[in-house]
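What follows is a pair of complexes built around chain A, which joins chain B in one and chain C in the other.
Right, the complex of A and B next:
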């Protein structure tokens, strides 16, 4: 009897969570689909976003994400490698870095937004621009990305390192050809977490990449991201709900697509490096 | 793979170069998120009529608009309220008005409520329409969600704190408020006068109550008689640049009245 109750509870919890997710998705799907069309993806917004499309916003979102990943992937991987392989596992300094990264993970995104505005936009003079927004997002996703990659690298069996050493492989070759490929699943997880967090971000972007919904001519232009657009339509624009739902639908689809690409990209990169794990 | 990365690098560098060569005919506005969608539309119209001009609109709230205009971070600030006594170093240019009207269901026989009655209803001291001369029907209090400037204006006018309000329904935007009241014969709510008048005209089952003896009409907001209203301002410090001044004049001209009405605000000046 007790066993049965326990099983029931576990199943009910799982179903509840799945139902909540389904509810949100179907809500966005049903309300968004009626407003969605090819021209919605291809046109500039008009009438404060109530009509027209989201083409410039989609482009800005992708550019912001590109800048963020362009900065955070190499930097993040380097720090993760340093933490796992270039310093004593128990060194005081490395522990301080880990603690700092964990603390930064929990910082609300609006704080990153205000920091980005003060540092990138004003101090470095980048203004409201896609670069400012991308760099702010990079700061935001770096802590999670580094910690995920580091845990992946640390989990690689030490025999592999010893084997590489015995074969006389250089340190860089060991990292590049053995450790990083072996830690690829963790890197993908880090990427997916980062992309998800970055693409859905509003607070960190409204003060950095800004509100302008024109097609960006360069990454020094201000560009509105999809999440900011959805926020504006639902909070500030009377009658903007339909367009907001359609944009939310696009946003969710975009995140799913990007995650698939990230997975496929890392898999392709892995091929020819490691035969089997 | 390597080629792709190189291409990306080149693209980004090129992009940065392009940005550095931008023209000097630029204008930047920051501030109120209520005003921003309206100004953005005005800016697009202005850009279309004046080749080479670029107007960037950013949000962040009225206080930010005031602050950025003061520090020179923006050419023009946007504020959805009057300037405070401490902000008299800036000069406001009113581009539109926004009024807030109390709405009831159309079938409700009550035609007017005093300020005290409205306060009592929102505090939960009056529960039934019978107590204010209506039918025997419980009152459904509809309030706005935290963070809306209409809520602030409403609270200030009735000297209420949001924590004192006993709301049955909390809503987001005007549209939602109108739907809620239209679907509930016992409801009372408050929304933008422009939106309400538009919906009333379309036959939605709502009616607006007069405030301080003045009917809740766009005309009364426009001439300043309606008490529960606020100006939407562009603010500048000192002498604005010629381009900024031209844009402010444009934002106050008849050419943008259509845009103002499309956002359910009220144009200023003679009818």
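Right, the complex of A and C next:
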């Protein structure tokens, strides 16, 4: 009897969790879809975002993300490769680097916002701009990206390294032609984590890329990201809830779409490389 | 391809990039300290503790109500998320039929990826009106606790599930051989064996809850006061930074950076504890 009670309790809490989570998701999907239209995606916002659309905000979001990825992908891959293949596994120095990266992962996003504001916006004089926001996000997603890629590279079977060595390939060539393509799944995972975190970010962007909801003319302009837009609509604009839900729906869809592209893009790039060998 | 001379310069290049990335932490911390300096040097930091109110424009910097509010939210959310998360993990690992389990896991992963601002929006438009019917004003410590619970549940459930899966098969077989029922196997053998893994996941969730800004800012009401009732509006430390950075100057701005520094140190301490527990779990 007690046994059955326990089983019941476990099923009940699992159902409760599922119900709450479905409640959130269904609200966002139903309320979001009902306000969504083609013109919502294509128009400029008007009346503080109550009506009109989110076109400039979508563009700003993508530009901020582009800056962040443009900086963090090459740097991140370089560090991951160094940690996995160009340094002794037990090297004290590499461990210190790993430790600082892990510590960075835990820093709250609002603190990245403070740092980005003080360093990129004011100290480097980039002001409230898409570049400031993108660079702040790059600092934020680098640690996770590096550690994910590193674990993927380390997991590649050592026979491949020995084989490449036996063929007389330099270590750099081995990494470029064999290890990176072989670690593609981990690189995709790292990218997805980074894109998810960067696209969802609000607190780090308010004081770095700013609030301006006009169409940005260059990356030195201030640009409002989708997440900041949702925050602003729901907190500062009475009657902005419908547009906020529609933006939330777009944001979730955007994250899923970008993840799919990341998957396809990395696979294509790296497949081409393996064949070329 | 036979040219091995390329490895030396590549190695140096990669190492310099690695050092550069390692320096980011130092850069973040030093800029926090630099900007917070006017508020913490020469014993000025004491005013954070002894001042009895937060009126930065009048030079009063008492942040203890906000620290207490942040802690109250975090503790409340953990108290709810821990039992729910661990039982979800038990469900996932031991009770769920395979197809149900994979859908359940997919759902937890999806929810872990939902932006916090969307949880905030949902909390403000759905949860707060419900709480208002019960007790005004709705935006409250309770609303913050519930939204945070939703946000950290996936983390607690997924890390606990990983810890439970990692328990050696012999332990389960041994427990079954002793004739223990499934309930006793789980409560007396598996949970104790997975304890360190579960706790380290909880510490990560605590760090996330303490550092969360948007969701808390949107549903907690943001009145600076001690959290004396579940229905009272309170302001978290993180929310305070987000609310006041826009217009803060001088020592006010420095005070905000100082609270950011405090937050960072707290979260780093938690992350350090979690990683020690994890390596302990791997060894044991």
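A few comments on the model shown:
The definition used in the following text is that the second predicted complex is superposed on the first by the 251 of 277 C-alpha atoms of A that agree within 3 Å, B and C clash if a C-alpha of one lies under 4 Å from a C-alpha of the other, contacts with A are read in each partner's own complex, and residues count from 1 in each chain.
Note that in this section a contact is a pair of C-beta atoms (placed from the backbone, for glycine too) under 8 Å apart; a residue touches a chain by one contact, two chains touch by 3 or more.
Computed from a prediction, not measured in an experiment: that's the story for all the values here.
The superposed arrangement places chain B and chain C in clashing positions on chain A.
Applying the stated contact rule after C-alpha superposition, one finds that A:235 touches each of chain B and chain C.
Partner contacting the larger number of chain A residues, of chain B and chain C: C. When both complexes are overlaid on chain A, the residue A:206 reaches chain B and chain C alike. Once the two complexes are overlaid on the shared chain, A:269 sits against chain B while remaining clear of chain C. In the superposition on chain A, A:86 makes contact with chain C only, while chain B stays out of contact range. In the overlay built on the shared chain, the residue A:218 is in contact with chain B alone; chain C does not reach it. Look at A:48: by the touch rule set out above, it reaches chain B but stays clear of chain C. Using the contact criterion defined above for the overlaid structures, shared-chain residue A:154 touches neither chain B nor chain C, since it reaches no partner. Contacts of A:255 after superposition: chain C is touched, whereas chain B is not reached. Across the options 2-10, 38-46 or 128-136, chain C meets chain B in a clash only at 128-136, per the superposition defined above. Put simply, chain A uses residues 206-207, 234-235, 241 to touch chain B in one complex and chain C in the other.
Chain B makes touch with chain A in their complex at residues 1, 8, 12, 15-20, 22, 28, 33-34, 36-38, 40-41, 44, 56-60, 73, 147, 172-175, 192, 195, 262-264. Looking at the complex, you find that chain A touches chain B at residues 46-49, 66-67, 70, 122, 128-129, 131, 206-207, 210-213, 217-222, 232, 234-239, 241, 269. Of all residues in chain A, those touching chain C in their complex are 2-3, 6-7, 9-11, 13-14, 16-18, 20-25, 27-28, 75-76, 78-79, 81-83, 86-87, 94, 96-97, 100-115, 117-119, 123, 139, 142-143, 146, 168-173, 196, 199-203, 206-207, 227-228, 230-231, 234-235, 241, 244-245, 248, 251-252, 255. Across the interface of their complex, chain A is touched by residues 1-4, 6-7, 10-11, 13-15, 17-22, 24-28, 31-32, 34-35, 83-84, 87-88, 90-92, 95-96, 104, 107-108, 110-111, 113-122, 124-126, 150, 153, 157, 181-183, 186-187, 207, 210-214, 217-218, 238, 241-242, 245-246, 256-257, 260, 263-264, 267-268, 270-272, 275 of chain C.
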